[in-house]
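In the two assemblies presented below, chain A is common to both, partnered first by chain B and then by chain C.
Take a look at the complex of A and B:
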């Protein structure tokens, strides 16, 4: 037993494993395992269209998750991204559908409102010292109601692919003579690279990590805690806005007010599965992307192997328990 | 003491203000998530203006918000209106409130899916689409389009049904009407049917399900009402090798069909394509019907429903006898969707 344990530790201490991170290796393996398993079990799953669909449905979650990762690393959380994303998309879409705004104008408004709520969340957490869970729970409610009010309770249809203004859908997917190119993935990759650099190589990222590890220590070493904590939420608001655009572009469905609650859990779940610590100070953007794929593959794959609706939620719940338990174990080790 | 007086005065002011704004007729809908409700509202407003009455039209944030709708119904009862219009999300949740209204002598008129299973005499009349018949109409149209393919198929053929839920009376009736009609027409042609998928639909359909049925009717219901999960359901159905038709029983499900089809490109009326049928309208579904992605779709008559509701409420308040009104439905296709009698019920 002891020998086995030592071997395990030996694997974890292997320099290559250490460099990449044990959790990240586990997550990559999980993604591969899921893909292989679903492909073996369902012939329909093994096709290009399925890959495109998984990507389609992962864009908006990935964007939300990138933002939430910054909040989690700062020791906070952002529950408002799900209903927020819908609210921002409703506002932008309303201007386009009913007020004759150009699509790019609607997109800018979508992001701008996201930024505003980011500032609001940040101010409540960093300046007013409200617990992040409560502060963003409140903005979750506010954005949910606001979305309905702004549109008079109406669902909003962003322009469809073939109509005037439908070009924005091609930002995420080009359909040409039956050929489908999921170009949105390039936007996701660029965002991942950029935000990885921000997190690891810039002052903003390093200070956010420092605040998440030990807020008091960060303050004492001269970090402007209020400013950088706020920035984490502003980043989250920006990406929630981006998620709103991605959502509107990838789904033909109209954006319906009152929806979005629960979507933030996909984003937070993705970040946590990807190795971001619930208690702050640790996390990576690439890990988050991988975590989102674990969730997206489950969601798309399970129906293909005949596991309906409620089973998906049960399995997703179990996966999250495992991920959080790994986080707890990691923290124990460092403590 | 002065403070107390001020508070009391302020409270009185608030109460008198709300009393002054109280409308004669309270209408509690299922919310405004789908544009369909805007057309109901427009019809109700038009009739109210015509009759010179005041209405207050409310609805919860979404169609799962049972509690929110209940509190809206309670507020409506507290406003002591001449009549209440109600489209209940869940009859059970509203039961106590309905009894209170009954005891207070406020007549309730059901609309849209009405208030199924309400206690005897509580609902004076319903102004609604007969959803079962509407689903059956879709079934009839789809069957006519696939009849030859069923005959030509060597093995099984599959007809998919994407349903938003298995709880709401309107959604389930539209699904069951569709399934039963297909079953009836199939039996008349000598085919057997196998039902698969969501248990509610499998158990409640009148169709006799046999294990080696030639026609498989599979109904999928998502665990949560999100665009993504319903699109995945539709994709899953479209990917089955024996699928020949797919039906989405409300705006949400029909839009999910369009999303799913974007990557798969399987829906259409051409050779080897999957026949699609939707329900309700909205820009997305109208475009799908117009460009041939869908064979057609069912539209209710929401504007007429809103008008009929207000008309019936006023009659009930005046003590006149009222009765159920079927506000009707239509099958629209690329060919007839611009006809005046249909276009008035299609909304963006």
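Take a look at the complex of A and C:
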């Protein structure tokens, strides 16, 4: 038993493993395991369309998750990204569908409202000192109600692929003679690289980590903790807006008011599975991307094995509990 | 010793109800290590907080480098060259060593943080100090000792002229302390002014040039360390002659049975191999300085914190206590030093608080038998002379002393025979204090056994039948009240 344990530690201390990170390796293995499992259980899973579908889900979850990762690292959380994303897309889409706005205008509005709610969340947490969980739970409610009010309770349809203004759908998926090219993945990769740099190589990221690690120490070191704590939520708001656009562009159905609740858990789950800590100070954007794939594979794969929406929720819940428990154990060990 | 770099003169500071600093003086010269000593609550930390702008002084002057100054926050003091190395380290464990040292003033290259340069600069700092730490290591992976070295490096990188060490050696090993002293001597040679706060008498003799002693918020005096003995300093620290009728002999009946026996208790860093016995009707005082491990011992005994090893006997029977629930079942009640956080629910009534630990006895079917609850509560209100208009008074409206009585009532309702009082009179005014003392004596006379943790020397000498002294997690002395003196206790409390 002891020997086994030592061997395990030996593996964890291997320089290559250390460089990549044990957790990341485990997550990649989990993604592969999921894919293999679904492929064995369902022959229909083994097709190109499935890959496209997994990617479709991954776009908006990744964008939400990038923002949430910053909030988690700062020692907070952002529960408003799910309903927020839908609300911002409804607002932007309404202007395009009913007010004759150009699509790019609607997209800008979508992101702008996301930014506004980011500022609001940030102000509540950093200036008013509300607990992040509660503050963003409230904006979750607010955005859900606001989305319905803005559109008069009606669903909103962003332009379809072949109509005027349908070009924006090609940002994420190009369909040419029935061939589908998931170009959205490129946007995701660019975002991941950019935000990795922001997190690890700029003052913004450095101070957000510092605040999440020990806010008082950061304050005493002369860091403007209010500003940088707020910035984490503003980043989250921006990416929730981006997620709203990705959601509208990748799914052909209309955007329905009152939806979006629960989607934030896919994002938070992705971040935590990817190694971001619930207790702050620790996390990585690349890890988050990997974690998101665990979630989007689940979303795509479960229907193939006959587990529909209700089961998906149960399984998502269980996966989250396991991920958070691992995080708790990890923190116990370092403490 | 060089010229004077810092002078604090006539510093006065009051908080509501407390005169924390009463015209205190302190003078620090370049190239000296100046010890600041005093009992818990003597005002050492307050004085340093006034210096670095965490508190504003009511009156007095601070002269630094020949100019009168007043800092409004630690950052301003730091920018001027006055830096504190805190006892509780202010580190961001998730960042690397270099990132911690240069937080707030990162080196940039092309808009991005230049971690390579920061590592190089940190390495230079460390080689200056003659210490070996990898700047790219995560701070959280270092030992406390190494973290402290990093904090010192950070202080030096700020071009500090005055460095304040607040009990730096409290968490260090012997070897780490040697390294620390080497660094302090180097800093002294470089003509920095160093303030060294510590309780350890032996260290004071080894490392400091002068010593300033404070007592009860007041300034006692400054001595050249080399010219005075350990006892001189202790006498200055203790000084006062106000024994409020201390016990002269133990009130425990000879041959009283042992109700609680603890053997080789180990729990974390703060409780190391602690053994003691408690007799029926005895008040056993636990004395020691802040961080000596007294509260931790009580919490481990009570099952509030996990213990690594140790045996506990109650009335001669071996018991397993893994949680407060187990402890309560064994008849142990714990009265926390932080009443409001752990002792009572202030927003609830006296009755609700009194029966909280024994609600099961007050149920009629599924519901609480209000009549029975009120009767029991009234009984203890009468017995403890709690001043309240009714059993339904909210605890938040009671005075500190009366709140403490409600906590006592809670454990008495539960039929606890062993009561642990952790700082029973903290935050309680003088009148209520003597009532609490009276109550504890009465309980003991009735055959309850009491462990009393107290940082107040007068309280220890007034109340205890026997005194256990702890220092750094270990029991360093056990003294019968008949032989106890402040000097003996203080000696054991600063023993290493």
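Just so we're on the same page, the second predicted complex is superposed on the first by the 330 of 335 C-alpha atoms of A that agree within 3 Å, B and C clash if a C-alpha of one lies under 4 Å from a C-alpha of the other, contacts with A are read in each partner's own complex, and residues count from 1 in each chain.
Quick note on the criterion: a residue touches a chain if its C-beta (ideal position, glycine included) is under 8 Å from a C-beta of that chain, and two chains touch if they have at least 3 such contacts.
Here the structure is a predicted model, which means the values were calculated and not measured.
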Next item on the list: Give one word, clash or fit, describing how chain B and chain C relate on chain A after superposing.
Entry: fit
Check: Given the touch rule stated above, what does A:308 touch, chain B (first), chain C (second), both, or neither?
Finding: first
Next item on the list: Figure out whether A:330 sits in contact with chain B (first) or chain C (second), or with both, or with neither.
Entry: neither
Margin query: With both complexes superposed on chain A, which partner does A:282 reach: first (chain B), second (chain C), both or neither?
Written below: second
Checklist line | When both partners are placed on the shared chain, which of chain B and chain C touches more of chain A | finding: B
Note to self: I'd like to know which partner A:206 touches here: chain B for first, chain C for second, both or neither.
What the structure shows: second
Next item on the list: Would you check which partner chain A:46 touches, where first means chain B only, second means chain C only, and both and neither mean what they say?
Entry: neither
Item checked: chain B versus chain C - smallest C-alpha distance in the overlay, whole Å -> 27
Notebook entry, point to check: What residues on chain B touch chain A, complex-wise?
Noted result: 31-35, 37-38, 59-62, 65, 197-198, 220-229, 231-233, 235-236, 239-241, 251-252, 255-256, 258-260, 262-265, 282-284, 287, 291, 348
Notebook entry, point to check: Within the complex, which stretch of chain A touches chain B?
Noted result: 44, 47, 49-50, 52-53, 56-57, 97, 144-145, 148, 152-155, 157, 160-163, 173, 175, 178, 180, 247, 250-254, 256-259, 262-263, 299-300, 303-304, 308-310, 312-313
Check: In the complex formed with chain C, which residues of chain A make contact?
Finding: 197, 201-203, 206-207, 209-210, 212-214, 216-218, 220-223, 281-282, 334
Checklist line | Residues on chain C engaged by chain A in the complex (per definition of touch) | finding: 74-75, 78, 90-95, 99, 103-106, 111-113, 115, 140
